[in-house]
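Please go over the structures that come below.
Presented sequentially are two complexes of subunit A, the first with subunit B as partner and the second with subunit C.
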Partner chain A sequence: MKVLSLNFLTCAVKTCKTQSTSYPLHPKDAELVQDDIELNQDFLINLLPRIDWTALSTTATELGFPALPPTPPTSEELRADAKTLRDLHSLLLETQMVEGKLVCASCGHEYAVREGIANFLLPSHLV
Partner chain B sequence: MSHPTGSHVTVGADAKPEPSPTTTTTTTASTSTKLHPIRDAAAQSPEAYEDEHVHSVYESIAGHFSSTRYKPWPFIASFLRERVASGSVGLDVGCGNGKYLGVREGADVHMIGSDRSPSLVGIARGRGFDVAVADGLALPFRPGCADFVLCIAVIHHMSTRERRVDALRKLLACVRGDGQVLVYVWALEQSSSRRGWDVNSEQDQLVPWVMKANQNKKDKESGGNEGVDTTYERFYHLYREGELEEDIRAAGGRVLESGYERDNWWVIGGHTEKTEKS
Partner chain C sequence: MQYLIRFTQLHETFRLAEIKALAVLAGVDLKIISYSDESPFCLVEFPSDEAARAVIERSILAQSVYEHWGTAETLDDLHATIKRDTAHLWPLYAEPSFKISIDSYRGSRSQKQKVALINSFSYLAFKGPILLSSPDNEFTLFEKWALEPIPEKKLPSPLQVYFGRLISHSARDLINTFDLKKRDYISTTSMDSELALVTANIALAGPGKLFYDPFVGTGSFPVACAQFGSLVWGSDIDGRSMRGAGGKKSLFGNFQQYGLEKFLGGVFVSDLTNTPVRKARILDGILCDPPYGVREGLKVLGCRDPEKDVRSVERGKLMYRDPAFIPPKKPYSFIAMLDDILNFATDMLVDNGRLSFWMPTANDEDQEIAIPTHPCLEVVVICTQVFNKWSRRLITYRRLPDSDVDVAALALRKKQEDQASGRSADDLNPFRRHYFRGFKSEQELDAVTRETTQLQT
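The block that comes next holds the complex of A and B.
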């Protein structure tokens, strides 16, 4: 599961949907792997408005990456900044969480990630 | 997750169902009451019924099922190739083996798949896709996060209307204000298919999937019995014309486009203009 995908995932528990603390999920005991993927500048620039930057900053820090700037770069800034493009590409698309847990800070439920697959099936008491 | 295999007929897939007593009618002096044994059985406990007649079946047939599902449907492929902008984020709810996750070439759209079946998700993951195991009624996606959602051959496995409408509501919740939800369901009107259902057929059906003995041998992980045919029955609610549109509206959405493709009804749904905000 790419770090990019983590930005689109939240707790599956119904009552957590309205709780701001349920997003983003927090990686725990995360094992990461780094892929080698060709950088697609236009894709990254077009993707940027879809990303919740605050959540991405939290996830990046929790996974041990250097802190992101407080606000996202504009598309013009990103186009002109090869290093930031490279760093974002590496974080979002080349980094995968393959083992560990994703924890909801609202209900405390821990979703297992095994072999790159997160399992969001809920135990019956949380359905 | 499942489609009729169309022109390429695979050994053992989707056998023609035996004539069943589900269409029996009883007439009393005052009223004419149609019996709906499948619908009534499902209504007792939809979750347990779908566990037995959908989830556990797909777990058992995953390998065989996946081997018969590789060709994208033309309209869905053209939707992904021609109507999705670069940089979009898409979800495929009920992604099965992931056959739609790689349709868009050029790696300029990010797709995340989810499915209720861990075995099918494992197959999709093995192909390198980003996938999660999740229930369609308890999706783990941030509200409004996606540009589009695919949900192909999934909703017809929900055994009550309430659950089908709820599932559509959950899909709509995933897309942003101007986002699109493309839904395919099996049609009741397929008199030219080898199943021969038509408008007068029972809408709630158990459809057999036959795993041939030789397939069981090849695919021991599927849980079949080596050397014997195994028949699994999957629950389907066959949609009549206009019903999917009604369900989209009941879910609080609006119909942007709809049509029929090879024994399936499809709809592109979105938020109503009142709730639309980008």
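The block that comes next holds the complex of A and C.
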């Protein structure tokens, strides 16, 4: 799944939903692959307001990408800044996590990712 | 300006819903002048040729759209109308190449008759060359004949005739491209390509939008949304449905088959009642065909009876880190599931984002399942596909902006507890219960039981 997905996912355990530490999930032993996708500027600009920037910065650093700027660019800034566009495109849309684990910092639960598919099913004592 | 839409005479209740949705998507004003479920011809008003093209070129249930030159009950009247109303247009088409075709709905014309019909338009005085393949302008004479099963009894002439200039064909070819028979990986519950594409249109799938299917299965809906340029996600409680046999025979393989893999945001295994999706209003659309509990089980995570199943809970505690561990599941109430879908959509959709889902119901009024409602969601349109004793409905909602939500109704809903009770799949799912009883009423069932008891004694 694309790194963008990690920005939309949190821990599935109900009691973790109220804990700020449960988001974002932390990739562990992550195996990444890089696709080659044509850059679509409008698409990224449209996506920008739906992204949690702090969480994305954390994910980027943990996956070994260069640090993102501390605050999200505005859509005008992004339009004018080819490098940031390129970097965001590469991180969010071209990078896929295919193997590894996603760990919740609140409850410690590890969600396995196999062949690009994460498993969020919980055992009965956590439902 | 008036335009004539030539629909396909199939899935009638979906046709206007689709066209209206596409007009919203294209930001085009659309006025329906005349429409009937019994006829494939629909008169509408669009502001321009470009607007008509923008709407119809993405339609699945329309075949094409025409600039409307006239409608009449007889051919003579039609010619009179065309001469009266459109003479100022004729010079525009006098020089370029052209072609006139005949489209007889519920009727047929011999080649000789067709030529005679075409020649009756000679007063248009088009001097350009006649090209049968890709002419500059194409005109069509439509005939609507009466429904008559015995050909000899056919009336001598059609009920109504229409004439128009072709503006654009629709996207109906996509049905063939996405045909399930040619898809590498499908399952028993894959949605057929035509209805999946129509659903994506009604839900306003479009470039740069984010769509999610919480019951993704083999990915029929996300594939359709991706075709229209949306970025898509999907999840399913059963990971096997997405993984398949791997390679071409998997959900990802389906995206590869159509060259749409760049639009696949990701898929994951999860249950809607314990969803890992972050609660934020980021989705443009949610599309799904939730399990009806007939062909596939309707289950959620949990134990049927936590007191009896202590051992399995304990086992889960010890084993859940094992990659081969399969968490226990319990039957799920159909009504509760519909409620959960609405709640989820309320939490996730952007303002005016759409939720479209399929829901089965018995045709018998007594057994009908009510349309679920939510104060934050407004029903946009309900389309019905009728089978013998049951139907399935495609229900589409619009997420109201918070300022338009009835606050009192919302507070009341939050108070009401989930009242679903019962443990067996039948108790929880009225549709499943009726389905396996053949949609018989309670009296009919009583009579059957009495008969069997009598036979036994």
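Operating definition for what follows: the second predicted complex is superposed on the first by the 127 of 127 C-alpha atoms of A that agree within 3 Å, B and C clash if a C-alpha of one lies under 4 Å from a C-alpha of the other, contacts with A are read in each partner's own complex, and residues count from 1 in each chain.
As a working rule, a residue touches a chain if its C-beta (ideal position, glycine included) is under 8 Å from a C-beta of that chain, and two chains touch if they have at least 3 such contacts.
Just so we're clear, the structure is a prediction, and the values are computed from it rather than from any experiment.
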Superposed partners subunit B and subunit C on subunit A - clash or fit: clash
Partner chain in contact with A:Cys11 - subunit B first, subunit C second, else both or neither: both
Which of subunit B and subunit C A:Arg50 touches, first, second, both or neither: both
Contacts of A:Lys2 with subunit B and subunit C, given as first, second, both or neither: both
Subunit B versus subunit C as contact partner of A:Tyr23, first or second or both or neither: both
Touching partner for A:Gln41 - first (subunit B), second (subunit C), both, neither: neither
Partner chain in contact with A:Glu110 - subunit B first, subunit C second, else both or neither: second
Which of subunit B and subunit C A:His125 touches, first, second, both or neither: second
Overlapping contact positions on subunit A, where the subunit C interface meets the subunit B interface: 1-2, 4-5, 7-14, 17, 23, 37-38, 40, 42-43, 46-47, 50, 52, 111, 115-122, 127
Residues of subunit C touching subunit A in the complex: 207-210, 231, 233, 235, 237, 239, 242-243, 246, 252, 261-262, 264-271, 274-280, 282, 301-303, 306, 309, 312-313, 316-317, 319-321, 323, 325, 327-328
Contact set on subunit B toward subunit A in their complex: 85-89, 91, 106-110, 112, 114, 116, 118, 121-122, 125, 130-135, 138-143, 145-147
Subunit B-touching residues of subunit A, taken from the complex the two chains share: 1-2, 4-5, 7-14, 17, 23, 37-38, 40, 42-50, 52, 111, 115-122, 127
Residue numbers on subunit A that touch subunit C, as the complex places them: 1-2, 4-5, 7-14, 17, 23, 35, 37-38, 40, 42-43, 46-47, 50, 52, 93, 96, 110-112, 114-127
